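You will see two complexes here that share chain A, one where it goes with chain B and one where it goes with chain C.
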Partner chain A sequence: MKVDIRELGQFNHLASEGAKQAAKSLSTLAGIEMDVDVTDVSLVTESVLAETFADRSFVGVELGLQGGLEGETVLALERERALVLQELLLDATDTDYSSKGSTLAKSSVTELGNIMIGGFIDGWANHLDTAINMTPPRYTEANGPRILPDQAIEAAKNHGVFLFESKLSGMDVDLDFSLYMLPEYRQFVQLLSGNDQGNQIPVNRLSTFEELAKEGAGNAAGQIGMMTGLDTNVDVSRLRFVPLSGVPKQVGNDQFVGVVFELTGLPSGYLVVLFDENSAITIANAMMPGDSTEDEIGSMTEGAIKELGNIMTSGFIDGWANVLQTSIEHSPPNFVHDMGESIMSPVVGKLGQQQDYAFVIDSTIEIDGNEGKCDIYALPNERELARALSALPAQD
Partner chain B sequence: MTRDRQRKQSAPIKQVGIAEYAVVTDETVLSTSGVGSCLGIVLRDSFNDVSGLIHVMLPTAEESRDGNPAKFVDTGLPLLIEEMVEAGASKRRLEGWVVGGSEMLSFSSDGDSIGSRNIAAAKQAFQHYGIDVVGTDVGGSHGRSIRFDPADESVSIQTAEDNTTQTI
Partner chain C sequence: MAKRVMIADDSEFMRNLLREILEDDFEIVGEAENGVEAVNLYEEEDPDIAMMDIVMPIRSGIEATNEITNNDPDAKVIMCTSVGQEEKMKQAIKAGASGYITKPFQKPNVLNEINDVIPA
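Let's turn to the complex of A and B:
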């Protein structure tokens, strides 16, 4: 069974449009204007689910899907945000919260979830030209990945689960939540199969993605440790499939210091290593000999970040070359110190000449506990990545 | 003066993402961030009070396989013009601002950078449609965030280099 990248793009588009519909419903019902940030899809295993949802407490509304598309959808928000939403909803309906208690708050969130998920799913039924039935909504509260349905967690253990995530954030209020869609694995793989003409990846190779992310980030983290003597830990490493134009938004518009590399070989692409300003200074000072330090981003920090970036990138792509059994090389470092979205702008521009969507390997490395943080974004050329994965010798 | 300041605080803001555009017919502020090698192009018909902002990534649709016209200068600008005319703008009254096109990265495999090709494409497109250029802030090697306020017809640009805002 093969997965057609264009089909994956099509479903990503549907999820993104669905999230916009859901945002519209919220605006109509409660007058809350929401912005849909980015929609991404990834094939995740149990350990990635655990990392993604770790240490957070959620409130959610869960709905099962049956018929043309089977699976589960969950509207989830962190507990503190749920209180904000409840108050906004009760304000909008002019209800006295204190007298009616939390039952009413729960039912209003449930109803809202029901309507938003309905809007989210409508476009899918049209695309698949079939009916999708929804089970009644269920209000849930849970810590960590248990906010997701048991079936999905079970599937993640076995063969991985496709996780669609659309993030919605309030334009005027401090409110953000995510819409998750977890289609039933076997049926969804069928839907993704497309035709033989497409750009395809054998479905059993999709799990190789996680290996790529882990190998690369693990090697890069090891290199930071060696160069600085600081403890490092790969916090999250995940491969997402996102519209190219959504990539800068995922990086965000904070100030970053880092390096950008062009990759050549199979696959070609780009690798971006970004530190927040404080982390860059911490790292650079740890790398400098003797007592020389810098309080701001100057030439010493630039030199240190370039050197470290070079070594991290070599480690990262060595990891890939091992998994893919290909040869990949990288350009000299391009030093950047700018707003995150702007740094990504030329990268997505370059890739945008060949593709609309991108597989983004996004890894976060913690440095010296919570003292520093480094984000690595790898964006391979999708056709070449598909080719490299397809060329791997058959597994059992 | 006080009234003006109050209005500015409450004027809604419309965020425009990469390869997206927006057209407004009121005082909604148009804003886009992450303009590196991309371009933010603002068009305005002040007589009919129609404003538009597009955030394009690449110079020409020809060099890509993608069908989204808002991604390119040569297909995005006519699209924006068309939408603005539909909203009541007159083509011959349009004037514009062009911001971005910086060269943030240089790789050995590059010919001309995307930034400079975007600027050239915008120049050509403005000439082709006979649109007067009110202001530009292009090139360099830094990113920009842009806000267009229809109320005073100004484009303010923020860069990472300093925290000041430049207005054109």
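Let's turn to the complex of A and C:
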């Protein structure tokens, strides 16, 4: 079974528009203005679900989809955010909370989920020219990936599950949450099949590439450890399909230090390694011989980060080249020290001349426990990646 | 005399909200939490208008509307739902719905829709 990346882009767009509609619903219902950060889709395995949702406690509203699109949708909030939302909803509707207790508070969140998911799904139904039936909403509380429906977790174990995630954050209030949609695997793959061979990727190769990315992140973490003597661990590694325009916003406005590499070969693209400022200084000092240290980002830190980035990038892409049976080269490191959005915008601008969406490999490496963090973003040319993955020998 | 309205929605929150919106201008004759209760309530109370959610347990709002309008071809039912799918709207009209409001709504939308269906 093959998926057409243009179809994947189309559905990503629908999800993004659906999330905007959902945000509008919340604004109308409770006067809460929400910003839709970005919508991405990934084919995730059980282990990725476990990493993504680990150590978090959620309140959710779950609805099943039947008919023209089958699957599950979940509005998930971290528990403390759910309490904030309940208060805002009951205040906005002048409901006497004290006389009704928690039942009504739960009902308010459940109905909000129902309304938001309804808005989210409408665009899909209209696009597919079909009716999508929703089951009544169900209020749930769970830790970790258990906030997702059992069927989705089971599918993730078997062949992976497509996970659409739209992150929404409050513009005036400290409130953020995610809308997840998990379409039924086989039906959705059919919907994604398309008819342009140049854009098609065998669906199981997406998992192969994700595994490859995870190995690459593991290699990079190992190299940081070897060069600094610090403990490292790959925290999260995901292959996500995102609108390119959303990538800079996703990286955010914090200050980062890092290196940007241009990749040439099959696939071409970009690889960006970013450290927060403190992590960069910690790492650079750990790499320097003798007692020489820097308290701020200076030439020694720049040199150390460039060198480390070089080695990490090689470790990251060598695995790709070996499995894809291609040759991939990388440019010399381009040192960057700026806000995340400012670093990513030119990268996205160059790649955006050829494509609107991108498979982004997003890996986070913990350094020395929670003391430091490194993010790796790999953005291959999507058509070239599709070509390289399609050319792999069949595995099954 | 105030027009008589029934509310069918599985969400307690939404029933409260609709009651607050309507109770100044209408007599609320009862509330139902699912499609079966909605049909029974309609038969018992014979309201001037029924505000009907679509996605409800046991029996959906469209099925309930179909039964209500089959039994009473003059019944006035306004679908009051989070579902804005064109196909669903067609199904609701086919089932005999007289109006359709998409949640979330504000008081003027609800009153305007009711006024369109049963002019004062």
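In the analysis below, the second predicted complex is superposed on the first by the 393 of 396 C-alpha atoms of A that agree within 3 Å, B and C clash if a C-alpha of one lies under 4 Å from a C-alpha of the other, contacts with A are read in each partner's own complex, and residues count from 1 in each chain.
Keep this in mind: a residue touches a chain if its C-beta (ideal position, glycine included) is under 8 Å from a C-beta of that chain, and two chains touch if they have at least 3 such contacts.
What you see is a predicted model; the values in this text were computed from it and never measured.
Superimposing the complexes on chain A yields a three-chain arrangement in which chain B and chain C fit side by side. Residue contacts after overlaying the shared chain place A:G265 against neither chain B nor chain C.
In the superposed pair of complexes, A:P346 makes contact with chain B only, with no contact to chain C.
Contacts of A:S245 after superposition: chain B is touched, whereas chain C is not reached.
After overlaying the two complexes on the shared chain, residue contacts for A:E111 are found with chain C alone; chain B is out of touch.
In the overlay built on the shared chain, the residue A:G144 is in contact with neither chain B nor chain C. Shared-chain residue A:P202: touches no atom of chain B or chain C. Between the C-alpha centres of chain B and chain C, as viewed from that of chain A after superposition on chain A, lies an angle of 90 degrees, to the nearest 10.
Once chain A of one complex is fitted onto chain A of the other, the partner contacts of A:N253 are limited to chain B, with no touch recorded for chain C. The least CA distance from chain B to chain C in the superposed model is 23 Å. On the side of chain B, the complex with chain A involves touching residues 13, 15, 17-20, 33-38, 57-58, 63-66, 68, 71, 102-109, 113-115, 142-145, 160. Only residues 25-26, 28-29, 63, 68, 89, 93-95, 103-104, 107-108, 110-111, 114-119, 121-122, 125-126, 129-132, 134-137 of chain A touch chain C when the two sit together in their complex. Within the complex formed with chain A, the chain C residues making contact are 10-14, 16-17, 20, 55-57, 81-88, 91, 102-106. Every residue of chain A that touches chain B in the complex is listed here, in rising order: 35, 171, 245-246, 248-249, 253, 255, 260, 262, 264, 331, 334, 336-350, 352-356.
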